Amino acid sequence: MKEKTAIFSLFGDKKKRGRLISFALVIAAYIIVEVLLKSGNLSSLFTSLLVPITCYVVASIGLNLNVGISGELNLGQAGFMSVGAFCAVCVSGVLAGSITAGIPRLIIAIVCGAVLAGLFGFVIGIPVLKLQGDYLAIVTLAFGQIIKSIFMNTYIGFDSEGLHFSFVDSNFKLQPGGKMLLNGPMGATGTQKIANFTVGVVLVLIALLIVYNLMFSRSGRAIMAARDNRIAAESVGIPISRTKMLAFVVSASLAGAAGALYGLNYATLVPNKFDFNTSILILVYVVLGGLGNMTGTIISTVVLILLPELLRSLQDYRMLIYAVVLILIMLVTNNDMLRTKWKSLTSRKAKGGASNG
Amino acid sequence: MQFLSYLINGLGLGSVYAIIALGYTMVYGVAKMLNFAHGDVIMVGSYIAFFALTKFGLPFPLAVLTAVLVCTVLGVVIERLAYKPLRQAPSLAVLITAIGVSYFLQNGAQILWSSSSKVFPSVISAGSISLGSASVSYLTLLTIATCIVVMVCLTLFINKTKTGSAMRACSEDKGASMLMGINVNQIISITFAIGSGLAAIASVLLASTYPSVYPTMGSMPGIKAFTAAVFGGIGSIPGAFVGGLILGIIEIFAKAYISTQLSDAIVFGVLIVILLIKPTGLLGKKINVKV
Amino acid sequence: MADHTDNNTKAPVLDVQELGIDFGGLTAVNDLNMQVYDGEIVGLIGPNGAGKTTVFNLLTKVYKPTRGKIFFDGKDTAGKSVVDINKAGIARTFQNIRLFGNLSVLDNVKTGFHNVTPYSPITAVLRLPKYYASEREIDEKARELLKIMELDQFADYTASNLPYGAQRRLEIARALATNPKLLLLDEPAAGMNPQETAELMDMIRFVRDHFKIAILLIEHDMKLVMGICERITVLNYGMMLAQGTPEEIQSNPEVIKAYLGD
């Protein structure tokens, strides 16, 4: 899908300012949350959402690199999250005996998740990036579904004899003391919860650093050039598929890291968690935050995760309202008539306030 | 012979996919948008047919007609309220709006009719006829027959009527169509009406085959039918028909001969292979970029 | 001015031999022979639909030739890709302007240095010293090119917001950034007023002298073509109609017939 919007006006000093704002925003949010946590002012529901929020922020930043900067619609981001998640669960399960400390094991697991998801991204990218537009999107959707079905049929156990693996049917017997790491459709069970919010925030900062440093470099310019005009990009010697692949793989790795953190935040995790709807959810965060706009992505991810929770008092109606809000935001931001109306409304309000004051 | 009965069952399932895929492909062809809420229109159709049959005790044909009418109106209303204001917007914005509509329909259904699934009454007699050694249920036959009728009618409509040729013109070039005096907005509305009406027909067949009705029932058939449309070449009506049938057959064969759990993976795997060989689907048009 | 008198003793930078391409049953270009020498400005002219842009697309490997050979810098270019050809030293502009619309003017030029000043994505992500050194170099060179094409005041504009004439000049700047030996300009003066066209002519001459490159240009503006080209090739119906100096071409009856009709 070709986008011709003015969201990409990232140049001059604005570039640096935008970068600083997003880092400052994340750090400020972290400090506020930590203070609230320490003073016991955070509800348990909100506390339980902290790690998942950081996970989705990282996955969204990754997807924005793919959809916003590289301009290729990806409907399978959740698939890469699941690769990262189940890889991390296995790594953490295997290392549980040798590395008892949580944080080092968490970091190793996240790195493994990111690398494996990146590898998946590379292998999937070879066929996917041969296609264009909506066809590319549908193939990413297909891969997301395939990854999900593969995990639904994967059985991995670990015992004193090492790793056991089987596909479709669980056909191995574990030694006493061994445990199932992945159990087909039941997914990961009995995972040790070692994820924490601080690591999540650090991961967000690293994701931002990677994406920004890439964006404002030779590779980033090539990625955006290939998005804006394929033929012209080739004419100045930019190899399109390699360039698109870079964005795709980095995006997949970030999703993998996000998934790894997510997987180690819950005792149980089913493969169905990372289905098409999750991919779509992340896409919604990205589009609402603004294509190519990382600060916007962070804000929209946090707000859209919290919104249904904040609407909890409305019970059954909350998801309905969520849907209506989503549609209205799209209409107001993308319809010229509505947009001008909205602008005149808000500016009148601002003017009125000024004259009153 | 088992093979024959699998084949016919595959054709049956494929027929349902084909009818849904026709809706996807027509909307894509004319409005150039991926209408992800299409699957949820199927869900609404199933509920309407369900209530028409159980609560109001309407006869089957009348229940189908009610579902078709309601879905047609629903399709047009959705298009007018959510998609029409976004005619000039980037396609990604329209996609997200369609997702919003999908959420809206699913959650609306959950509030109105609860999330627990309802058992769709079996209206079509459970009997079957034997074709050689394979036995085929009446329902499967009806499904295949319906699909053929729909396909024939649609092809005639597109090729022989004025509205049909206006639709073809819009899918080629909206700007030029407008200059030729075609009311593009009206054509898009008609396309949505037809697509949604077809979704209602598919919904009754689907709900009769897998007799449970619940708010998210449209998602998976929706994705599969979308896949079928891409399979055949999105925007192409014969493509959606062929794509739907092939997808149904692959799914049933994969379930029968390879693995039930992996059937989805196989279906999507075949899709990927086909797109790699023919990047615009089986019957899709080749896109040429002028340098 | 570069020396063009001893062309015949030097090997041509571009040597096209019996080049031809068919689209389906239609022959778009046939039996084309032409040479471009170092430091030369050569014009490629002909009526609409004569196959001029197709020749550019053949030279830059957007299309694969059906017949014939293209030698660049003495090497056969068969089997090369669009990217390879640019790396080898042919850069081009487009008839229907193709800029990176969402990037700044400066960044548009910087993309041209992709293979001239390369560094790896890892260098970029880790912000290694090489990143800063390369980026400084790219920035300096890109700004210099903007100055040459008189675009320096637009450096921070979004490319798609530029006036038309400036967009054409930006395409030239971007092409020059790739450090070519041969520059292909596809109707560089299209849509420009006489004043702008005159300035463009000076720029093209300056570019040739400053970068010591050969330029092959397609143009309908005869004042420009006759004013700056040392040699001209005329195409008609995909075939070469005439070749020679501007004076020879202007007085060639075949050419006049092709342009004015019978």
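Note that the chains are named A, B and C in the order they appear, and that numbering of residues resets to 1 at the start of each chain.
Everything that follows uses one rule, which is that a residue touches a chain if its C-beta (ideal position, glycine included) is under 8 Å from a C-beta of that chain, and two chains touch if they have at least 3 such contacts.
Note that the coordinates shown come from a computational prediction; the quantities given were computed from them, not determined experimentally.
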Chain occupying the most central position, where position means C-alpha average: A
Most remote chain, CA-based centroid, reference being chain C: B
Two chains joined by the most C-beta pairs in contact, as defined above: A-B
Mean-CA-position distance for chain C and chain A (Å): 43
Separation of chain A from chain B, taking each centre as the mean of its C-alpha atoms, in whole Å: 31
Rounded Å distance, chain B centre to chain C centre (Cα mean): 50
For chain B, residues contacting two or more additional chains: 291
Per-residue multi-chain contacts in chain C, two or more chains: 62, 94
Sequence positions of chain A contacting 2 or more other chains: 4-5, 231
Touching residues on chain C, where the partner in the complex is chain A: 60, 62, 81-83, 86-87, 91-92, 94, 98-104, 106-108, 110-115, 117-119, 121, 124-127, 131, 134-135, 138, 156, 158, 174-175, 177-178
Chain B-facing residues of chain A, complex: 1-5, 67, 73, 127, 130-132, 134-135, 137-139, 141-143, 145-146, 149-150, 152-153, 168, 185, 231, 276-277, 280, 283-284, 287-288, 291, 316-317, 319-320, 322-324, 326-327, 330-331, 333-338
Complex contacts: residues of chain B adjacent to chain A: 28, 34, 36, 82, 85-86, 88-97, 99-101, 103-104, 106-108, 110-111, 219, 223, 226-227, 230, 234, 259, 261-262, 264-265, 268-269, 271-272, 275-276, 279-281, 287, 289, 291
Complex contacts: residues of chain A adjacent to chain C: 4-6, 8-9, 11-12, 209-210, 213-214, 217-222, 224-225, 227-229, 231-239, 246
